[in-house]
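Common to both upcoming complexes is subunit A, partnered first by subunit B, then by subunit C.
Let's look at the complex of A and B:
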């Protein structure tokens, strides 16, 4: 049976590098836990749980991006848009931990590497792009969708750049140069980011239309009607 | 809120238990780049040299490894159930964790009423 392996497996990045990133992950997630607490009220808890389960499910849905290559949602952009950066990081971290501990997806020793890339880098990058984009784009369905789409693409490429950094520090070149590998990783993840952008924009605009109060990025404001005066 | 949460949960379970069966089986972006230089047949490395050859077995493995159920003969049923149970477990675990986090936040605000 074909193995469905999605994240960094065992022994691809050396021990010292994995340990350093494990420490970075612990510090970052700890900081997010403290910060998330401030904005977390009971009303948000079920939404955060549902978003986490949705990210888990969506990560299983590999879509083709090129011949023989697939991609899947990372979820950082979705979590950032719905829950904000702090809770968003925790949401993706829970998914990655469950995948590594129960589903043998992503090495336990690589947990720090995977959490830094997909939870910390992707979520914070997505949130930054989203905040900037929403300053210039109108808060309409199209405007929010476009902002989320852009945030998702940048977040996925940034997460893949995180892996390139980790591989440069603690990986061993085999069969291809680091330069060729970097180009391949970043290029493939632009395509995956487009897929992530479409899915995330669809999901976030669906929530924004039904319950704009549940979209953190909108900060409690309803979507403006495209034709209506502000 | 209830309607929204129920709809979201149903969508999530359908994605995890049914739509996931139609997901692409090709290696993902990371894996395909780590496989560059190797020849593969049905997902197994058969020749050449690439980064992924260095990868060892997963430290834990377990009955649900690779989103299946090793104790079920039916692979499709196993994959579907693993997806559904995984999503439900994720929902329960994260809701529990976030609930504890929200509850912890309130502790200093609520005056000690002696009931501990």
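Let's look at the complex of A and C:
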């Protein structure tokens, strides 16, 4: 059950719940579009397009974890750290929509649910955790790495918690075992989150060393400088 | 990190098909389904999927009807069954959940051989299995018969916000470059005697991702500058002018979803 929270297929969650979450997704993505446009203006389309292509490539880079099982990135934390919350949500949303419409991965009726979990919840929690952690941790290679690592774990677990919430609202009646299922899902996603965290932290520190101005979470400050908050 | 069941150690390849990401799962052809306007097919897919979701689980025969309609359409589009079955594997993580339901859900127990499972759990598992499979098949039908540009034109015809479509078009256009870059880096690592296995590869993988990000972002800025130099002000002329669909097209395309809706409504009323 490793990939439970991802790409929900047809009718795992009932109609009314799916509709409500589709509405939430539309509002959130619309809001992000307006906010991203404010920051980027006419650079939005080319930059967001290339950033989405990057998230797509990052997900495509699947690597063997154990015999017969391979993993790939979710990308919410990566997008949040490098691109910021608004652009990050847009990019992950476009990736999810492409996967549903062009690769039949995740049902069209569950598009709203998937966007809320993997794009909105994952990216915003990652950004929140990252912003908080960077206030406390030093802005060094290790500090940024640790902050991104924590943000990635929390974002993956939060995305799976989003699925649990949707399942509780409009899923199958599982009675007492809902608690056990929740524990199982959150537990597995902590493990998945650690994997995501290692890769994301490595990628973000690599960018932070070479081009700190491209890491949105650093807000243009170079790495070695001591943080202003300390 | 999403774990699926791809064979370990296989070279990195675009997800989906042997051809590039740019084409999605599109299979070129000239069937009536290929000729339908994309916007009609997208609406048809949404209606059909909703009908599948609304069919009560106890009406086992109704799922047979849905499957038969889809099989007929696949035959009409000349898409081989083997291709459909291989592509259906995307839903496999959820099949595990379907298999777990009979043991998880509480309710009156039934005995099958040596196993004791709950009856509502069996129904829940069947429900997930049937609906997820049919949903994937319906989505595959759209993906196989509509080129990427067509899907975008159809969405624009359906008043999807243009800014999202432009980002998507850009992403798809440049995805093959980015993916090729990732593949190239991996090959370069292999050529230098790297042995990517288990967790040891995480560091190299993360660093190449960082490099790819810098390259993508810089390319994005270059592309924007080139566009700005050619008078770009934030609006793109759409390359494929979306054409309207005739009433005949709408009627023809809505036949299959209409059958599905009728079956769903009838079973819901009688059960």
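What we mean here is this: the second predicted complex is superposed on the first by the 190 of 230 C-alpha atoms of A that agree within 3 Å, B and C clash if a C-alpha of one lies under 4 Å from a C-alpha of the other, contacts with A are read in each partner's own complex, and residues count from 1 in each chain.
By definition in this document, contacts are C-beta pairs under 8 Å (C-beta built on N, C-alpha and C of every residue); 3 or more make two chains touch, one makes a residue touch a chain.
Just so it is clear, the model here is predicted, and its values are computed rather than measured.
Participant: Could you tell me if A:15 is touching subunit B, subunit C, both of them or neither one (first, second, both, neither)?
Facilitator: second
Participant: Given the touch rule stated above, what does A:38 touch, subunit B (first), subunit C (second), both, or neither?
Facilitator: So A:38 only meets subunit B here.
Participant: Quick check on the superposed pair: does A:98 touch subunit B, subunit C, both, or neither? Answer first, second, both or neither.
Facilitator: In the superposed model, A:98 contacts both subunit B and subunit C.
Participant: Let me test your reading of the model: by the given contact rule, A:82 touches which partner, first (subunit B), second (subunit C), both or neither?
Facilitator: second
Participant: Taking the superposition as given, does A:199 touch the first partner, subunit B, the second, subunit C, both, or neither?
Facilitator: The second partner, subunit C, only.
Participant: According to the stated criteria, A:57 is in contact with first (subunit B), second (subunit C), both, or neither; which is it?
Facilitator: So A:57 meets both subunit B and subunit C here.
Participant: Return the residues of subunit A at which the contacts from subunit B and from subunit C coincide.
Facilitator: 1-4, 6-12, 33, 37, 41-50, 52-54, 56-58, 60-65, 68-72, 90-91, 94-95, 98, 100-105, 107-109, 172-176, 180-181, 192, 210-211, 214
Participant: What part of subunit A is in contact with subunit C in the complex they form?
Facilitator: Residue list for subunit A touching subunit C: 1-4, 6-12, 15, 29-30, 33, 37, 41-54, 56-74, 78, 82, 90-91, 93-95, 97-98, 100-105, 107-109, 156, 172-177, 180-181, 192-193, 195-196, 198-207, 210-211, 214.
Participant: Give every residue of subunit C touching subunit A within the complex, in rising order.
Facilitator: The touching residues are 1-10, 12, 14-16, 21, 24-26, 42, 45-46, 49-50, 52-54, 87, 90-91, 93-94, 96-97, 100-101, 104-107, 120, 124, 127-128, 131-132, 134-136, 139-140, 142-143, 148, 151, 161, 163-164, 166-175, 177-179, 181-182, 186, 196-199, 201-203, 205-207, 209-214, 216-217, 219-221, 223-224, 227-228, 232-234, 236.
Participant: Taking the touch rule as given, give the residues of subunit A at its contact with subunit B in the complex, in rising order.
Facilitator: Residues 1-12, 33, 36-38, 40-50, 52-54, 56-58, 60-65, 68-72, 87, 90-91, 94-95, 98, 100-105, 107-109, 160, 163, 171-176, 180-181, 184-185, 188-189, 191-192, 210-211, 214.
Participant: For subunit B, which residues are in contact with subunit A within the complex?
Facilitator: Counting only subunit B, the residues touching subunit A are 1, 4-5, 8-9, 11-13, 15-16, 19-20, 23-34, 36-38, 42-43, 48-62, 64-68, 75, 82-83, 86-99, 101-102, 104-105.
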